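As written, the chains take the letters A, B, C and D, and residue 1 is the first residue of each chain.
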Amino acid sequence: MKQLQLNKKKIINDPVFGFINLQSEIVFDLLEHPFFQRLRLIKQLGLSYLVFPGANHTRFEHAIGASHLMRQAIAALRLKGHEITEAEAEAVTITILLHDIGHAPFSHVLENTLVKISHEEISLLLMQELNQQFHGKLDLAIRIFTNQYKKQFLHQLVSSQLDMDRLDYLSRDSFFTGVAEGTIGIDRIIKMLNVYDDKLVVDIKGIYSIEKFLISRRLMYWQVYLHKTVVAAEFLLINVLKRAKELIVQGEALFATPTLKIFLEYKILPENFKNNIKINGKKVLEWYTLLDDNDILISIKEWQNHPDTVLSELAKSISNRKLPRTVLREKPLSAKAEEKYLKKITETIIPDPELAKYFLMTGVITNNAYDKLNENIYVLDKDETIKEINDASDINLTALTKTVKKYFVCYPKELDIY
Amino acid sequence: MKQLQLNKKKIINDPVFGFINLQSEIVFDLLEHPFFQRLRLIKQLGLSYLVFPGANHTRFEHAIGASHLMRQAIAALRLKGHEITEAEAEAVTITILLHDIGHAPFSHVLENTLVKISHEEISLLLMQELNQQFHGKLDLAIRIFTNQYKKQFLHQLVSSQLDMDRLDYLSRDSFFTGVAEGTIGIDRIIKMLNVYDDKLVVDIKGIYSIEKFLISRRLMYWQVYLHKTVVAAEFLLINVLKRAKELIVQGEALFATPTLKIFLEYKILPENFKNNIKINGKKVLEWYTLLDDNDILISIKEWQNHPDTVLSELAKSISNRKLPRTVLREKPLSAKAEEKYLKKITETIIPDPELAKYFLMTGVITNNAYDKLNENIYVLDKDETIKEINDASDINLTALTKTVKKYFVCYPKELDIY
Amino acid sequence: MKQLQLNKKKIINDPVFGFINLQSEIVFDLLEHPFFQRLRLIKQLGLSYLVFPGANHTRFEHAIGASHLMRQAIAALRLKGHEITEAEAEAVTITILLHDIGHAPFSHVLENTLVKISHEEISLLLMQELNQQFHGKLDLAIRIFTNQYKKQFLHQLVSSQLDMDRLDYLSRDSFFTGVAEGTIGIDRIIKMLNVYDDKLVVDIKGIYSIEKFLISRRLMYWQVYLHKTVVAAEFLLINVLKRAKELIVQGEALFATPTLKIFLEYKILPENFKNNIKINGKKVLEWYTLLDDNDILISIKEWQNHPDTVLSELAKSISNRKLPRTVLREKPLSAKAEEKYLKKITETIIPDPELAKYFLMTGVITNNAYDKLNENIYVLDKDETIKEINDASDINLTALTKTVKKYFVCYPKELDIY
Amino acid sequence: MKQLQLNKKKIINDPVFGFINLQSEIVFDLLEHPFFQRLRLIKQLGLSYLVFPGANHTRFEHAIGASHLMRQAIAALRLKGHEITEAEAEAVTITILLHDIGHAPFSHVLENTLVKISHEEISLLLMQELNQQFHGKLDLAIRIFTNQYKKQFLHQLVSSQLDMDRLDYLSRDSFFTGVAEGTIGIDRIIKMLNVYDDKLVVDIKGIYSIEKFLISRRLMYWQVYLHKTVVAAEFLLINVLKRAKELIVQGEALFATPTLKIFLEYKILPENFKNNIKINGKKVLEWYTLLDDNDILISIKEWQNHPDTVLSELAKSISNRKLPRTVLREKPLSAKAEEKYLKKITETIIPDPELAKYFLMTGVITNNAYDKLNENIYVLDKDETIKEINDASDINLTALTKTVKKYFVCYPKELDIY
């Protein structure tokens, strides 16, 4: 007669998707694990908040959102008659929940400086570690993650051109940056998913939604992910961390939070992660899972006061948001032009030509919304044949597959060059 | 000391844009005029509500929405330093408010059957009529409408590839059909508008928004405006009106609402509208402004009981939403195939081969999201040069400019051909 | 290996809730039935579109929306461990889908003039008629509708203070009128529903959502449902129909659409509906299901030209939206004041004092957001006791239960009284 | 002929309100100032992100949002004929932009532990400091802030029951927590603002919007601001900071970020802020503006490893989100019950009865949505009289003015008491 209120704690308020219902015990337990809780302190879009003030959302929210979409995709595919067992459903939900667990703070920045191993590899190492702690309950999830499971479409739901990862992050990043045009038709795309020969495909009726999705993604690339001020801030961060490391190698005293200090003082190689060696009383993976955005930001705040001009100037530039001027160009900077810039820098900021290089950042950014060579998107026609989307669409989508390159130069605004 | 509440009546609740503030007396008076009030009874998307149950929005709402966007565009352009006098602002707002006032119910259907003049011409005739009633206060609005005013960009705000008309209808139709993917970034597009050499252009920063806009428009075309079931319903309506007219010409008795009867019984030529001749005691433009969706729908409801099989079967098909099957094809139907269809119809529905043709509808539908030959969209670069958007975009937009043709055949479902 | 696309046609785009998935064959078949299709031509909010231009949504959309919420409520209750068989789920979905099928166009207006039977009774009669056509498949749905089924909470999901009917209409009316403040937290309210002793209750955690719901409902009453201009339009419509009926009884010639004519010419009693007598070759229920908004609006449009001043003036007033002035008062109008108004009317509009009454409308409007005497809302506490919401809430909700009465007078604006 | 793109940098993407246009140079310059940039690193809702994963929004976004609403309120009041000079408009916009600039990280927590001065006082001190740096340009803004300017309604737009501060934070907090029901009708409330006798009032037509606003606020209080898990986390943070301070006073070594260390090591009195004394080479206000959320979170992360059990256990509890159980009660805990709890703690966690107190938190939380004794909300009737909203509303709003008290106890989950 009497009825209990169940599962109360397992409903999560998500600004993007509303109520999210965690549907299994193990998912809930993984969420509570410190490895996963750490993601609360790692912003999804790194330094982008310097340009988009609302972009403070974290990898924690993203992972939960993606697992929510996974549940919807499973339901949609089951409705079309595809068998997905409850064990498979739970496993693939775990896979998507943990697919980003290996991200460092300011991921791309750190992978270019202090951490010499990709976040995907770390994700796998952490999943294996969790699998031990959970007595093998993540076996199937790991097989799906590494694409060793027979039903290939499950892996594709986690990692492909149309995976739940990007469906979530495009929606979420669009939501929090306030770039409303990035919105994609998630509900419809998921309803249009299908499986053919164990591969993830899209029903022909959904083709316009896919085109729109590709265009939205492209727009998000240029308007957000490759926003030139964000790019400048990231290169600044790379340089400040390089300089900090260099000073430490030279034996200079330098404040750093205890966790960041480990990564500045030790040169940790990929095999050190795989063997999970001990450093200063803790295993390297443990150190890794202790590092978050705040370690970087607090350290930089202090470096503003350091006697080394390079370190302090770059640190001030980030902390006070006095970002360099960034110019996009069709061609890379000529050696001659570069020299001219460096000369100006030696005249106005720092006389040492070697150190001057820290203030000039050049490089190339590229975007391809739909990567033709990589995983393709296939469309299922009504006559049950499949086609690559590019052949199915009556517009020339190859335009979208073209890699667009833009060269950039960032230099201090006070140089007064334009 | 005391303060009055002003302009209370002039705020309109709009589900799409929120509160809309009518900003001038004359706009308010035009809105109250029976010519304009009539638009409340003319659905923006005609028979589309048979496929999209929410698509009951009217040309009344659209005209108000477009005038709201016009006020925003004016503010944005003024902020960029372009002079727009208050008289010009009011005039161009009136122009957009009245640009669609000449629409008949189920516009394209009626222009193919009972009304042999385009809605644009009627709009102008009605604006001239209103101008008389308003003692010449619409002079400037009419000059802008007919593109006879020096500041060409004002006309382009009313009628061009980026006019306020389509910004409103794409948003509004997307909103009411529930096709969320049709959403466009109106706020941003309007903020990116600029004027160069008296022409409407778009700042280079807005290029991705324009690309997105073009793709959204394309999606709305295929998903809504050219939805095959909607197309079928419209051709059905054309045929039922043709048959009714034919029967009346033959002297058959036929119920019709008094207003529709005028258009069925008299053959009214474009010059009759221009001369505004009297028929049955009222001028032809007055009759025109009395005709609304309900006249058509009520008459068809009655026609279900008419002894003529063609009329009654087609009327039932619309009234009870038993719509024909529609097949899209790459090529037109061959004469031979058409014969085969007609034969089936004579066997199962109506023996007379001439009448059988009423049950077979063929034709072609086309879509070009961005019409290259017509009005172009120009982009203003930072170096103050302008380019056609196709040259400015790094994707190949010509793909979007290609006219896509689809041939269709509609036939009664009971024919059982597939 | 190959996979079919199933159920394609059964997804409906809804502007309010997104995609709606019809989950059973019979629901789909009922939707296609002419009785139900008719609801497409009956506006949910009658004449409110004269004040809220977006309020053109129909009873068709509402019924589908409510059935969508019903499916969500069923899922939520099952998740809390309550057994609801698939047969029960389908039946209660049918009940909510059909609960409003008996509505006449401009329902309250017609029930006060031409149709002397409540829409609830007609709903039941039409459900019984459908049950015959569907060979008894609606038996359980009808038992739930008439509250004769043991699991009482199923009836309460259809008809109570927290039924899916009002959850849908409050959201939908708020959406289409653009009165954004009417928004209620549907998702959360549904997640908080529970069952105790076969009765529908709300988990204690949901109490603030219920308070908010009651306040929103109250706001919608005063801002939309009882908006004084809408009230005026409705009384105008009552008077115009009364006058038309009176003229017909007097033998005057009068245009009316064929269906409306039946209801003007014949006095149809409740028992005539129950016996479903034949009039003019059709059964009375069939005539009823042929009547829609357009019959009324087209007839009124014509009546503008009728020689009877009362009929033509009132008809013009509605058709051209020249609505009377409405004043809300704390007390009813005194007999003396009424006489003064009538005198003015005889002086300026129509000399006959009897006919003058058609131009003066008085009455009372009331609102209680939460009807204490009727069905109560019960809250389930964590200790598994239940309380009436008024006792559970720490604010004094009785304030909301108080019936608020406002008296109104509507009179032609040209009287120039204030 | 040629036209420049102006003000580009001054458009900010806001997820809540869309594009925000900064309308004056000085506002832009203040935004760039390090005092203001600091707000990017101070979360608006402190530790609430532990319960609402999306609640990572900052005081930076809030201040900008509130200044955006201020511009809208000014426009609405001007439209009603109230004179607001451009200097006043700019000043009041600055006031609202800076009204929260004195907030410490985890504001209420720090005001209870390390900072013995209210954030309002600090805001004023920082505004005065900025006024010096900006050569007196903030004079009028400061007079409005301190309510010394004749047009009192300007102060009320910044600080009253209906100020732009709470309109923004209620919307924003509702948006980012995902508690959709907290949504308020900002657009309508602002449109209903008016001024009478130099006081901010609300037009009578807006009364239902105000009622709804008060109810929403109440709902946000109970559902978000006083969420019991959030309350527990905050008291935990208070205790961990108290313990850290205590240990430092006792001479224990303790990691802390350099900025936090200042506040742990020195006892800074209100007059020290006012005199802006120097500590360790920097003025105290400068130290204050260097302190952000990250200082607290990084220090707590390290304290997990500290030998002191109290410090390390409490730090772990926050860092790993192992929050205490919280029970809400109608009455405070009796001395006897408290003793029982403490005894359990000494048995299971820490033997020292003095230290055990750190693990038991008790207190009272209260909410009044509308504070009757404080600033009232006045309503302007059509007859130009004003009434207190409580007298104008036909529901008994005093219910909302009642202070609701709830007592709470938080204790470690492992105590296993319920």
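Just so it is clear, a contact is a pair of C-beta atoms (placed from the backbone, for glycine too) under 8 Å apart; a residue touches a chain by one contact, two chains touch by 3 or more.
The structure displayed is predicted, hence computed values, not measured ones.
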Higher-contact pair (C-beta pairs counted), B-D versus A-D: A-D
Intercentroid distance (Cα basis), subunit D paired with subunit B, Å: 50
Chain centre separation in whole Å, for subunit D relative to subunit A (CA means): 31
Touching two or more other chains - residues of subunit B: 18, 180, 187-188
Overall pattern in which the protein chains touch one another (line/ring/star/complete/other): complete
Contacting residues of subunit A [partner subunit C, same complex]: 1-8, 11, 18-19, 79-82, 187-188, 191, 194-197, 203, 205, 380, 382, 384
In the complex, subunit D residues that touch subunit C: 180-181, 183-185, 187-188, 208-209, 211-212, 215-216, 218-219, 222-223, 394-400, 402, 404
Sites on subunit D touched by subunit A in the complex: 12-16, 18, 32, 34, 37, 40-41, 49-50, 52-54, 56-58, 60-61, 64, 175-180, 255, 257-259, 290, 293-295, 297-298, 301-302, 319-321
